[in-house]
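Two complexes come next, and they have one chain in common, chain A, joined by chain B in the first and chain C in the second.
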Partner chain A sequence: MSKIGVFICHCGENISATVDVARVAEAAGQLEGVAFSTDYKYMCSDPGQTMIKQAIKENGLNGVVVGSCSPRMHEPTFRKACQEAGLNPFMCEMANLREHCSWVHDKSEATTQKAIDLVRTLVEKVKLNKPLFSIQVPVTKTALVIGGGIAGIQASLDIASAGHQVILVEKDPSIGGHMSQLSETFPTLDCSQCILTPRMVEVAQHPNIKLMTYAELEKLEGSIGNFKATIRKKAKSIDEDLCNGCGTCTTKCPTKKIPSEFNTGLGMRTAIYVPFPQAVPNKPVIDKENCSYYQKGKCKVCEKVCPTGAIRFDQEDELVELEVGAVVIATGFDIMQPSGFPEYGYGKYKDVITGLQFERLASASGPTLGEIRRPSDGKIPEKIVFVACAGSRDPAKGVPYCSKICCMYTAKHAMLYQHKVHHGKSYIFYMDIRAAGKNYEEFVRRAIVEDEVNYIRGRVSKVYEENGKLIVKGVDTLLSAKPVEIEADMVVLASAAVANPGAEALAQKMHVSYDSYNFFSEAHPKLKPVETNTAGIFLAGACQAPKDIPETVSQASGAASKVIILFSKDELSRDPLIAVVNRSPAPVFSTCVGCFMCASACPYQAIGEELITNRQGKVIKKVAKVNPGLCQGCGTCVAFCRSKSIDIQGYSNEQMCAEVIALLNHE
Partner chain B sequence: MTEFEPKIIAFVCNWCTYAGADLTGTSRIKYAQNVKIIRFPCTGRIDFMLLLKSFGEGADGIIVSGCHPNDCHYTSGNFHARRRWIMFRGLLDMLGIDVRRIQYSWVSAAEGFKWADIVNSTVNTIRELGPYTEYEKVAGYLEKEANQ
Partner chain C sequence: MSELIKKAAALLESKSVQVVIGYGKGTGNRTRTIFATQVTECENLIFDSRCVQNLAVYLTKLEIKKLGKPAIVAPVPVLRSILQLAVENQITESDLVILGITSESELIDFESFAAIETFLTTHKIEIEEKYTKTIDAIKAMPVAERFAYWVKELESCFKCYACRGACPLCYCTRCTVDDNQPQWISVASHPLGNLEWHIMRAMHLAGRCTDCEACYNACPMGIPIHLLTKSMLQDVADNFGSYGPSLDKQNTLSSFKPDDKESFIR
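Take a look at the complex of A and B:
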């Protein structure tokens, strides 16, 4: 006989403001099989959980329905409470009265009625729940980190230092990411490479880190604790064991006029190249699309000059399969190309550049060796105009969100310029100054007060060239509200930070959620900011949303600690909500007829054959059998089964049917 | 006479649409009370006999919603559901069920607004179509089939 306990939560006022909770509890109490029903202000609080535990013990409950928030929020909390009171945790279900009812409807009779309907539905379901037991699976204590920017570097170092193996995969020839391109960093103005490159070297030398550069994730299968990743190692056309990084090939390569990605097109590189002098690993790759030998079949200069004979023109992409227990995604961000804003003249005038290009101009390792010079004629600019929010906070043509880092780096750019060109004048057109962060506001003040950067609150309407000058037309919306015109030598656009172009495809390969901007979604915006919806996959850095370096590093360490927690046990428990093929007494054994439609539908190859034999060992029936280690519980097989012989625990045919009937039938 | 309040049942997957509907709640976007959600692990799990069962039990409309193509948490469950839906919609006419009574859609975990839109537009469609009164006939037919 069912003895169900129903617990309705007020969630402070979140539910009780629009739902008559007392009446829901009362109506639930009238349902057949409900032995106990009550409501309370905060069910998830300690007294709330104690109330559930006591009710289970005192009333001998064999099922619990908690009507509160989304099960995605507190299902583990309440299942644990049930377990502590001696009830099987899978005998607890949650009715979502907050996200699916009280928050989306106004206070009315219909809202309360809906809450009652939802509770009744789950009461009918829980009556059919069966005690289930978690599945123990071994954990592969190797982490896969995707992306070798500062986020990936930090996460790798933390996990590796805790004693676990790490495989760091980077798509470019060197790790370092965007941070290696930056000149100085706000708000301390310490040199980006000076603080980054030691970390890069540490990664290369760490005994627990295996670095795979010029490689990308091809496929990810499996689940938490036991993923199988396939990595495509793109052909570098060199033998890495033989190459000693002497650099002769890169100096002798005759194809020298390729715009360097690292220098954002402001400098040139050769076809066989190392992206930048401090690259890790410091070994070249051949860019096949620009190499004369690959394109025209002639040249091979690098092969001739290489002292160790390390050039391999016949090298092919290699697919490597790896067993990993957890994945950290740290693929970073990209800069929106401001070509969608013709009024700024980017692409038309050489001296209109992006913020990232300015970083390269200001960097000591950059194409101008740190001198601020115009890309067009190499002159030192006397006046620079910086345009903040060039694409950010612009729902019409750019992105609606704030890119977060631009206010700070624009202040930094103006400051660096003033430090290098003392007589120069800098102007910043801005919408708002968003300088929330430790020492950030002070930094912006310093730019204004000490370095005399002119902040103009207003937008730029047009940039055009006249007599070798860039005329910037804008408006000053403060005090005067007058049009402003500045004759500038250079214009720097703080273009929006956007998701990487490959982010969507990567998310689909890994089955993690992503938002409408293609940034990866965290499992919970506040309480699970580094987890994804897919267990065992974590996020670090700007692949989730635009972030500055301190925030990225913190999140990377957060993700690393989640991986380390996962690796702290040899086995982990998995929800037993998996498919099972029924069994019955002889002579039927199972209603399964062995058509194996289920096996063809299963995305995990989790369904195999089982031979049922008689006492003489003769095979009398062949039926399907689910491998509980592989089954992920999607239930596709259940919908396919013609004889209804396979069913999924926790979402069984009987339970779903009971839910449908209960939901639709009320007086 | 009071206005007809359609009874609509929503079959949604746990990973995309259920989470999307949670986001609708977190964002406090209002929608009609008529739609009530049943959670499935994946749209691939949804046995379309359950849709017929719902009509048999008095539903006026149904929403089936899961992850966008290629976004399935289980790789391909939503493709199976989509294929099943294409087959199934051909049968609805024969059973005397208006195809418009079933709204098949994709709502991701980030599309809180879309979920509210789908709910409201489905409620409006079903309101226009009126109550589904053929269900007794369908239920009777299914019962007869089952007894044979």
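Take a look at the complex of A and C:
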């Protein structure tokens, strides 16, 4: 006999402003099986919860429906309250009267009616609820960090320093990421490499961090606490144990004219190379695409000159399987090539470069050793034009979002230029100056006032070459709104920050969601900014959205702390809302026919086989079996099962049907 | 024909199999399935263009399984079903002997399911133009008209479930329609109940149906239910690549491939 309590929340005015909550409570009280019904201003508050607990005890309730906000918000709160009153927590259900009703409808009779319907369906469901008990799963206390930029480095160091094992996977030959390419950093103008390289070395030397460079994630299976990751270690063609990083091979390699990725094509590298002198690990790899031996079958100069005999031409990619408990995605971002903007002349004129290329020019480790020189003729530019939003905030040709970092780095670029070329003139075409951040506005002010950078509010319409000069045509839209023409020696485009080309494929491998720009999605924009929708997988840095260094580092530490929290217990307690394959009396044993379509449909590889045997041990039937440690309760298998042999505990076919019927039997 | 009889008899003789499932002469001009358990019964085996029933349906039936290991006369449609049953883990290679047979009554040996798949690459499922035309015409109808069309077509259905019985892929121990806890599909043969049943049947065959038309052939009322499954085949091919059973590709709808078009969610 059902004795259900219904508790309708006003949510301040969030619900009560559009829904007649008293009437909902009254209507619920009339339903068959409802023994108690009331409404209250804040059900989640302490008095509200006490009200629920008291009602359970006084009326001997065996089921509870709370009509309030989304279960994502307060389901744990109310289930805990029920548990404290002696009820199994899974006998408590929530009717979402806020997100599903009051927030999306105007005040009307129909809105109240919908609220009543929502409550009625949940009452019918609760009647069929069964007590359920949490599942305990062990936690593998090793974290996998994907991406060795500043985000990955920070997350790895934090997790490792808390005493847990970390495996840091980086796709390039060295860790360091974009930050290692930068010259100075805003708003303090400290040298990027000077603050980064000590951290890189720390990663390499940390006893708890295992560094895997030139490696990529191939596959990720399992779930929170118990993932199984397969890493592809790309063949470096060297024996890392023998190589002592002397660098003889890189100086002797005859293939020297390969545009260096690290120097954004402004410098050259050899086929066997270390991306930059401070690389970690400081050991070379052979770029097979450009190596004469791999392409034409002869050369082997590196092998001849190597003093330790470390070159291995026959090395092949290696797949390594790892058991990890948590994953931090820190794969960073990419720069949109401004080739979609022919009016700026990028790609056509050598002296039109991107912001990242300017970083290399301004960097002491760059191709010009820190002197600002034109890529075309090596002359020092007298006038530079910087174009902000060259791709950002441009829904038509670029990306609609703000890349966030460009205002600041453009101010920095102009400042660095003024510091290095005292008589030079710099101009910045901008849409708005977005300098929100500690000391950011002051930094921009300093560029304008002290370094006399000319800020022009307006867009550039065209860049073309005339007599060795780049003619920049634009408009100044402040007050006068007059056309501007500048004879520049160099143009720097603040191109948009975009997701990495491999981001979508990686997201699909890991079953994490991503947005329409292929940035990884956080679980909640405000309250869960470092979590993904997949439990146990966290985000750090610009793989989520464009970010500057301080923000990236903070988020990386945030992600690390989430991992450390996860690793603080030996066992994880999980909701038992998982799939189960049914059992029925002989001679059927289970209506499962063992087609195992569920197994291929399962995104978590949670379905295996079970052999049903008789007393003599003879196999009678082979059926599907759900591994409770892996199942996430997504229900894909339930939808796939033709014979309805699988049910999600707490969301059984019977319960769903009861809900639908309750809705359809609308008087 | 003597080849087939000889081979079937030899299989029974050597006790390699306990039963031979094949076609035999029926009443009038019709054929019927025979289950030969004795060498002498093999005499009755026939094969010609009238033999269209999909014998693969018997492979999963408990009553037939009890007879022992079968050999099965398998023209192309049966081969397709056998392959799909293998994909769905219902049969293994050691469970049966396949007496492959072409439309010219030539016998073909199949050592493995993989060999069937190789053979079927030259016998791909092709939906005849007369069907594609009809399907296109139905799809072009406005929703209300299309709904009325199917209500009308399904009007005569009295839920004998012959379509289910004839389909080699309807092998569930308990069909969803027979489940009354909860009763998702209404059992009565009124317009709604009929629609529900036939929509469900088509959906359950999506990505699995091998286009043998056994359901249509079995329907005593001649309802064109094969149009539903044929249309489904097209949809699967349009959205997920190809149709037809494949050990490699496994279950089209339950397996994810990065190059799936998925245009319906993008």
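Going forward, the second predicted complex is superposed on the first by the 604 of 667 C-alpha atoms of A that agree within 3 Å, B and C clash if a C-alpha of one lies under 4 Å from a C-alpha of the other, contacts with A are read in each partner's own complex, and residues count from 1 in each chain.
Operating definition for what follows: a residue touches a chain if its C-beta (ideal position, glycine included) is under 8 Å from a C-beta of that chain, and two chains touch if they have at least 3 such contacts.
From a predicted model like this one, the values you see are computed outputs, not experimental measurements.
Within the superposed three-chain model, A:Gln508 lies in touch with chain B and with chain C [touch as defined at top].
Of the two partner chains, neither chain B nor chain C is touched by A:Phe386. Comparing chain B with chain C, the partner in contact with more residues of chain A is B. Looking at the shared chain after the overlay, A:Glu654 reaches chain C, while chain B stays out of its contact range. Residue contacts after overlaying the shared chain place A:Asn665 against chain B, while chain C stays out of touching range.
After overlaying the two complexes on the shared chain, residue contacts for A:Thr591 are found with chain C alone; chain B is out of touch.
When the two complexes are overlaid on their common chain A, residue A:Ala601 makes contact with chain B and with chain C alike. Of the two partner chains placed by superposition, only chain B is touched by A:Val638; chain C is not. Comparing the two complexes, residues 508, 601, 603, 640, 653, 656-657 of chain A contact chain B in one case and chain C in the other. Of all the residues in chain B, the ones that touch chain A in their complex are 5, 7, 9, 15-16, 18-19, 21-22, 24-26, 28-31, 33, 36-42, 44-48, 50, 53-54, 57-59, 70-77, 80-81, 84, 108-111, 116. Touching chain A in their complex are the following residues of chain C: 88-90, 171-176, 179, 181-184, 204, 250-251, 253-256, 258. For chain A in complex with chain C, the touching residues are 505, 508, 584, 588, 591, 593-598, 600-601, 603, 622, 640, 642-645, 653-654, 656-658. Residues of chain A that touch chain B in their complex: 70-72, 96, 98-100, 103-106, 108, 110-111, 113-114, 117-118, 121, 507-508, 511, 513-516, 521, 525, 533-534, 577, 601, 603-604, 632-636, 638-640, 648, 651, 653, 656-657, 659-661, 663-665.
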